[in-house]
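The chains carry the letters A, B, C and D, assigned in the order they are written, with residues numbered from 1 in each.
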Amino acid sequence: MRTKANTWTARALIGASVLFILVMLALPLAMILSEALHAGWSAYWKAISDSYTLKAAHLTLTATAAAVVLNAVFGLAAAWAITRFEFPGKRLLTTIIDIPFAVSPVIAGLVFILTFGRLGWMNPILTAYDIKIVFATPGIVIATVFITFPFVAREIIPVLEARGNDEEQAAALMGAGFFTIFRKITFPHIRWALLYSVILCTARAMGEFGAVSVVSGHLRGKTNTLPLHVEILYNEYQFTAAFAVASLLAAAAIVILVARNIVEYMVKKEDGGHVR
Amino acid sequence: MKSLSRFFSFFLALATFFAASLFPATFVPAAELELTNVSYDPTRELYESFNKAFQKHYKAKTGKNISVVQSHGGSSKQARAVIEGNAADVVTLALAYDITAIEKAGLIKAGWQKSFPNNSSPYTSTIVFLVRKGNPKNLKDWGDLIRDGVGIITPNPKTSGGARWNYLAAWAWAHRQYKGDEKAVKDFIAKLFKRVLVLDTGARGSTNTFVQNGQGDVLLAWENEAYLALKEQKGKFEIVTPGLSILAEPPVAIVDSVVDKRGSREAATEYLHYLYSDEGQRIAGQNFYRPSNPVIAKEFGDRFDLKVNLVTVDDPIFGGWNKVQSVHFNDGGVFDQIYTR
Amino acid sequence: MKTRLKNKTIPGFGLSLGITMAFVSMVVLIPMFSIVLQSSALGWSGFWKTVFDARVLASYRVSFLCSFIAASLNCFFGVMLAWVLSRYRFPGRRIIDGMIELPFALPTAVAGIALTALYSGKGWVGAFFADLDIKIAYTPAGITIALTFIGLPFIVRAVQPVLEQLDPVYEEAGRMLGASPARIFRSVILPEIVPALLTGFGLAFARALGEYGSVIFIAGNMPFKTEIAPLIIMSKLEQFNYGEATAVALTMLMASFVIMFCINVVQSRAARFVKE
Amino acid sequence: MYVELRGINKHFGAYQASRDVSFGIEEGNLAALLGPSGSGKTTILRMIAGLESPDSGDIFIDGARVNDLPSSKRGIGFVFQNYALFRYMTVFDNIGFGLSVQKTPRAELAARVEELLRLIGMEGMERRYPAQLSGGQKQRVAFARALAPNPRLLLLDEPFAAIDAKVRQGLRSWLRGMISRLGLTSIFVTHDQAEAIEVADEIIVTNAGRVEQKGRPVELYKSPATPFVARFVGDSAPIGDIGRLKGFDGADADVSGVVSGAIRPEFIKIFAPGESVQCESAVEAAVVESVIFRGDALEVSLILKDTRLSARYPLEKETIAAGQKIRALVYCLYAFEGGRTRLLHNACLGRQHDAYSYSI
């Protein structure tokens, strides 16, 4: 339980922490905002509504949506398989799932180029069916999926593990099928954890730069996501425009964080348990 | 029964996976005739105006609408992307070496440099110094750069086409200055790069470091890049043309394998030819590129110092790009030796 | 191989494991295999020559050093933040708590240009230090700040739940035995949060090691001084040098995998103490 | 008084945890704070320890006011309900923690810990971690840890609540022996009245934040001061209106307006069928509801004038069965008069029978 900050050390600790957050997080945000509005609202609005920005935003949303859906499906399947059953190699599987967390985005991009690119070993198959992955939207989707791969799984597995599977077993003994068990018993418990991880996954997916930039090819209006568009604007001396679009992404980030707080508050109120 | 359901689910997953990721691609409406021009960093402004003019020209000539999709980035980074499958109808890069790399990858037929006039270089440029207003450090020529306390900004020659032209220009001057004494030239180049404060990956990145973030006293830059900086940041900088510099010929080429598959050879050829038209040459001039057509070049005589002494990469000191690349820029080359402190 | 499934009562094993394996192979295993395939083209001698090249070693040093310092900084401030957020009520607590995830949500490129603008000679903070003749941007210090920004959420979010769920009775026992608050923190609370702290540190370190987007703007990229390993991979790629790029990438991958493995070991060892 | 509380009040928001609590405990005494959960007994203990601070009132230890002293300076050993052993320290480090805080030299500390380990019968377990100990062992280590810095006062918060029944019995007598051997003033909190009666020298019964009564277990049992104590300590059956029982009806009993009361099983004597009856006028008719074998005697639940009472019935007497009509005599009962409790003898028995056998 939290106490009022009365002792001298408490106040010092709070002061130091708040200062750290202000310098490390608030200042960059303020920087973005001040640069974005540097040339006034009309310039800001022009940058936001520029056709390339809108196309980039469209691509970012599509890629993020696809990535979040795929990761959610994977996360649920993996959580179900790992926590409900015993099978050899389970611990190895969980470590593999965590790999994307530890891998540099640059390598992630490179890896997909080497697999699906013209020099990749899968190239003959891809050209045979005339499937274009890298330097096109599917490449961006798969790069985003890779970067945010563990988010959902990593969030749901502990929740399911903590709860044990006796409820599911009881239901199974009474003849319930997979979907009824999942819908009626498991899903209600992981509802908040799923929502929470989907929110985080969306945030991370929208903001990915390194991996996407390697597989994107920077075709203006076709394979540029918002973060890439920010870099392009920055490299075209359009600093205010770059920061304007950046502030768009920062705003999206803040909206997402507010959503996360609401979800966390709901969880605290509902079962007192801690989502994370 | 058990393995059947496992197998079925495996395929179900693969199907959903592909469908979901392909879906956005098919969703994007196919524009009418479309050309993709993969170019290097500083040509963003040039091709923005050129493409508009070309669309009008092509509509007038063939009655068909055409749109040009641009892609910009470090010259060799862009060449790599094309080699890896980034479908470009035409490439307009910073140096012949990058297009030769695409040729070696089998995407462009050999002898591409002869298919367009002036070594397939519709516009040329050179390397100049961009200094702060009033030239506080009084930098007149390459020799002044190695004075103490001079902060130099240039991109990384291993990753940026522009930076390689900077390096060659400095080498050419040092070669003439020290009358071919190999050790003295290397020593000069080493001193020069010792004073480099920031090595950005691309030419435009370097310009931003010098212009936007106020680093260093002098920026080694493309002539067009320097003029653009003057236009963007009025009254803050000035250009100093060194006594000797290099003739930078950024070549253009058609990517044969892509145009053949897409059937866009005719449009692509027209696009590159239009660069050589008077209209195209004037756009290049307006964007601070030296038109290769001498007649048009004279019109911009006031802007460009046409008398500046230029050496070319095929000059005996260098002997063409292949030799230059392996001697100077490949791993373990002269540039790397400078950095094995 | 026929896996002997102990508890076959709960249905959906085939389906969930199938989906999981499909995703894991498509998104992680096949691409990772490409890296190994590509760098093996180099042959062992080529591999060692690349990986132990002076400039590559220098980049490892810069990357590992800056990532380590950044992760340690985050450890110090992360624990302080987690403590303050879980133990005290003060105005603005919820806002600070909400902002922690910002580095996740903000695109790395946006963070890069914002931090560079902030800490360069002319920036708000940079100018202040410039008067004291201290350069931040374009130096290892700049890199460390960017990596601290990137790694910040990992540790706070790892330690905070532990502190919130820690039974206050341990601290009270310490107080009754005459221990000062500092001693209580050191010998009672610290051991409780060390496992979570190490996990957070490992994740922040691995994430910082691979960071590219934000760092290349602020790093200055001077070989031997501020050139980070991911940039080496990128520049080798730009010289069409796939073999060497993947070799460096593989060593980075190995390092991250070792870090992730250590995290798992620490977690399982710590669980042994807490068998209540 | 070695430990004294005067006029202690404490509330958490709207909930009034302690209402004007005052009591004192003699040096060397082992006192029990007994009461139902939520009656404020733990709060009192925590206020003495300094883990909570009272809103008003004073706490004295050994004559000195300690309200403003931090817990660490009050010289108190505290044993927590679920042990609160430091999970990442060995048994040795746990026990030695209090001394290491006081910068005790290594050798002296080790000697003291070894001595304590012998005291709690756990020699050779220094290297174990708490997770490797049983509940009983953990509690003894917690006890040793609290004793290590030689506290002047020992506080225990429901020390046996988390221990399973059969181990608890042994631990209780072990604790009782330890504390009396050390002569250490101690206060422990419990909600189990049998534990309080068995272990404590004196008991303080708390209810809804107030002290109901303080006294030796026998006193509380025999002469409860308030209705609550009468009901809470020992078994007793509530009586709605005592006037309806013979010998306690309004006529000759000197009570007026007395309404309710309580009867302990030993206050009732059941006559076997055909057994000669004393004091014919006071005998009541009753029906046996159920009979439970309690080892040394039978516990009989009977309905007398539609109130259920429970009484003891010796084995050697003629057996009785459920539903059988019997005659019973109520020797005495507790009468509740406006918050106070008084022991009332059956009027018709007269004085000659004031002594009656109590089986505690």
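Simple rule for what comes next: a residue touches a chain if its C-beta (ideal position, glycine included) is under 8 Å from a C-beta of that chain, and two chains touch if they have at least 3 such contacts.
The structure displayed is predicted, hence computed values, not measured ones.
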item	value
Least step count from chain B to chain D, where 1 means the two chains touch	2
Of C-D and A-C, whichever chain pair has more C-beta contact pairs	A-C
Chain nearest the overall Cα centroid	C
Relative to chain B, chain with the most remote C-alpha centre	D
Chain C-chain D separation of Cα centroids, rounded to whole Å	56
Chain A-chain C separation of Cα centroids, rounded to whole Å	16
Centroid spacing, where centroids are CA-atom means, of chain A and chain D in whole angstrom	59
Cα-centroid distance, chain A relative to chain B, in whole angstrom	35
Residue numbers of chain C (touch at least two other chains)	15-19, 23, 117, 234, 237
Sites on chain B at which at least two other chains make contact	13, 17, 83, 212
Touching two or more other chains - residue numbers and ranges from chain A	70, 73, 77, 119, 142, 145, 234
Interchain pairs in contact, sorted by label	A-B, A-C, B-C, C-D
Touching residues on chain B, where the partner in the complex is chain C	2-3, 5-10, 12-14, 17, 74, 76-77, 79-80, 83, 101, 156, 158-159, 196-201, 209, 212-215, 329-331, 336, 339-341
Interfacial residue positions of chain B with respect to chain A in the complex	13, 16-17, 20-25, 27-28, 36, 41, 44-45, 69-73, 81, 83-87, 202, 204-205, 208, 211-212, 228, 232
Chain B-facing residues of chain C, complex	14-19, 21-23, 26, 53-55, 116-117, 120-122, 137-138, 216, 220-224, 227, 231, 234-235, 237-241, 244
Residue ranges of chain C in contact with chain A within the complex	3, 5-7, 9-13, 15-20, 23-24, 27-32, 34-35, 37-38, 77, 80-81, 83-90, 92, 94, 96-111, 113-115, 117-118, 123-125, 145, 148-149, 152, 157, 160-161, 164-165, 168, 181, 203, 206-207, 209-213, 229-230, 233-234, 237, 242, 245-246, 249, 252-253, 256-257, 259-261, 264
For the chain D and chain C complex, residues of the former touching the latter	49-51, 70-73, 76-78, 80, 82, 84-89, 97-98, 101-102, 129, 131, 145-146, 148-149
